[in-house]
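Here you go, one structure.
The first chain written gets the first letter, and so on, giving A, B, C, D, E and F; residue counts start at 1 in each chain.
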Amino acid sequence: MTDWLPSLITATPAEGYDLAVRLARMTVKMTQADPEVRERLRVQYAQDPDALIAISQAVATHFAAVAAANGYWRPS
Amino acid sequence: MTDWLPSLITATPAEGYDLAVRLARMTVKMTQADPEVRERLRVQYAQDPDALIAISQAVATHFAAVAAANGYWRPS
Amino acid sequence: MTDWLPSLITATPAEGYDLAVRLARMTVKMTQADPEVRERLRVQYAQDPDALIAISQAVATHFAAVAAANGYWRPS
Amino acid sequence: MTDWLPSLITATPAEGYDLAVRLARMTVKMTQADPEVRERLRVQYAQDPDALIAISQAVATHFAAVAAANGYWRPS
Amino acid sequence: MTDWLPSLITATPAEGYDLAVRLARMTVKMTQADPEVRERLRVQYAQDPDALIAISQAVATHFAAVAAANGYWRPS
Amino acid sequence: MTDWLPSLITATPAEGYDLAVRLARMTVKMTQADPEVRERLRVQYAQDPDALIAISQAVATHFAAVAAANGYWRPS
C-alpha cells in the first residue's frame, strides 16, 4: 500500500478535518477489505442516526490528535 | 466547499462550544449528504435519549480540542 | 442567548464538575429545544442504566477539559 | 452539598483510581437522585457485561484526568 | 485491599499495556464483587464482538494515560 | 509471550496507524484467546456497521497516543 498517511500536518483546520475523516474510515477499510460490502454497509449506516453519531465520535477523536499535531493551526 | 473551518480560535468559550457542535455535525453532513434524509433522521434522534447523549459525547470530544486550541480561554 | 459559558475557570473541582455536567446537558438542549420533550426523555433515561452510564462518560470527557483548563486546581 | 470534591490530588494511584470511580458515579447520583432507584438499577447493571464495560470506560476517562492532575504520581 | 496500584510506571510498553488491561478490569471487579458472576459474564462477553470492542476502547483510554505517565517509553 | 510491543516509536504515521490497529486488536486477543472463536466473530463484525465504527473509535484512541508518542511525526 502506497504511503496513504505521509504526514499529520495540514495547511488548514478544514484539511485537518478531512484527514480525521480519512483516518476514521481507514480502520473500516482495513477491517472490511471488500469494497462492495463496505458500500452496502455505507447505505445502511448513512440512514442510521446512531451510526452517524458514532462516526462523528471517531472523527472527533482523530481530529483532536490531528489538531494537536498542527499546534491547533494557531497563527504563529 | 468554501472553507467552512478557517480556524479553531474563538473569542469566548460559548463560541468554542458552538464550534464543537458544528464540528460534530459536519461528519454527519459529510457521511449523509442528503439534507432531507438528515432532517428526517434529526426528528428521530431528537426524541431518542441514547442518541442525544451520544451527540453530547461527540461534542465533548470536539470541545476538549477546541478548548485546548484556545488555551482554555484563560485570561492572559 | 446570554453568554451561558463566560469561562471554564472555577474556584473548586466540585464547581468544575458542575460545569462539566452543564456542558454535557447543553448539547441536549441545543439538539432538542423543547423543554417538555426533554423532561419526558429525562424520566426515561433516569431509569436506564446504559443511558446513565453514557451521561457519565460525556461528563467525564468535559470534566477532563475543565480540569485541564483549571490546571487541575493544583495548589499553586 | 458539602464539598464532595475538594481536590483531585491523591497520595497514590490506587486512591486516584478510587476517586475516578467516585467521579464516574457522581453523575449517576446527580441525574438519578433517588437512592432506591439507583440501587435497583445497580442490581441490573452489575449483571450486564455491556454496562460493566461502559462503566469501565467512564472511569478510564476520569482516571486519565486524575492521573494527569497528579503528574502521574511520578517519583519526583 | 493491598495496594493493587502502587505506580503507573512500567519498564516497557508491553507491561504498560498489561497494566491498562488490569486498570480496565478493576472497575468491573469493584462494581461486581462476586467472582462467580464475573466468570459467568466473562464467558458471555468473550463471545460478543461488541463487548470485546468496547473492552478494547476502555483499555485504549487507560493505555493512553499509562503511556503518557511513562513518557511514552521514549529512549531518553 | 515475546515482547509484542517493544516501542511506540514508528518511522511514519502510516506505521503508527498500523500499530494503533494492533494495539486495539491485542485486547480482543487477550480477552478471547481462541483464534477460531476470534475468526468466527471477525466474520460477524466485519459485516456490522456499528462494530466497524466502534473498532474505528478504539483505533482512534490508540492512534492519538501513538501520535503523541512520536511527537506527531513533525519534521524536526
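Here is the rule we go by: a residue touches a chain if its C-beta (ideal position, glycine included) is under 8 Å from a C-beta of that chain, and two chains touch if they have at least 3 such contacts.
If you want to know which protein each chain is, UniProt gives these names: A, B, C, D, E, F = Hexameric tyrosine-coordinated heme protein (HTHP).
Note that the coordinates shown come from a computational prediction; the quantities given were computed from them, not determined experimentally.
Undergrad: Once the Cα atoms of subunit A and subunit F are superposed, what angle does the rotation have, between 0 and 180 degrees and to the nearest 5?
TA: 60
Undergrad: Greatest Cα-centroid separation from subunit A: which chain?
TA: D
Undergrad: Taking shared residue numbers divided by all residue numbers at the interface, is the value for subunit D and subunit E over half (same) or under half (different)?
TA: different
Undergrad: Measuring from the mean C-alpha position of subunit B to the mean C-alpha position of subunit E, what distance in angstrom results?
TA: The mean C-alpha positions of subunit B and subunit E differ by 31 Å.
Undergrad: Cα centroid separation between subunit A and subunit B, in whole Å?
TA: The computed centroid separation for subunit A versus subunit B comes out at 15 Å.
Undergrad: Measure off the straight-line distance from the CA centroid of subunit B to the CA centroid of subunit F, and report it in whole Å.
TA: About 26 Å, centre to centre.
Undergrad: Out of subunit B, which residues touch more than one other chain, so two or more?
TA: If we look for residues of subunit B contacting two or more partner chains, we find 45, 50, 54-55, 57, 61, 64, 68.
Undergrad: For this assembly, give the contact graph shape among line, ring, star, complete and other.
TA: Chain contacts: single closed ring, each chain with exactly two partners.
Undergrad: Given the complex with subunit E, which residues does subunit D contribute to the contact?
TA: Going by the criterion above, the answer is residues 12-14, 17, 21, 45-47, 49-50, 52-57, 59-61, 63-64, 67-68, 72-75.
Undergrad: Where on subunit F is subunit E touching in the complex?
TA: Where subunit F meets subunit E, its residues are 1, 3-9, 23-28, 30-32, 37, 41, 44-45, 48, 50-51, 54-55, 57-58, 61-62, 64-65, 68-69.
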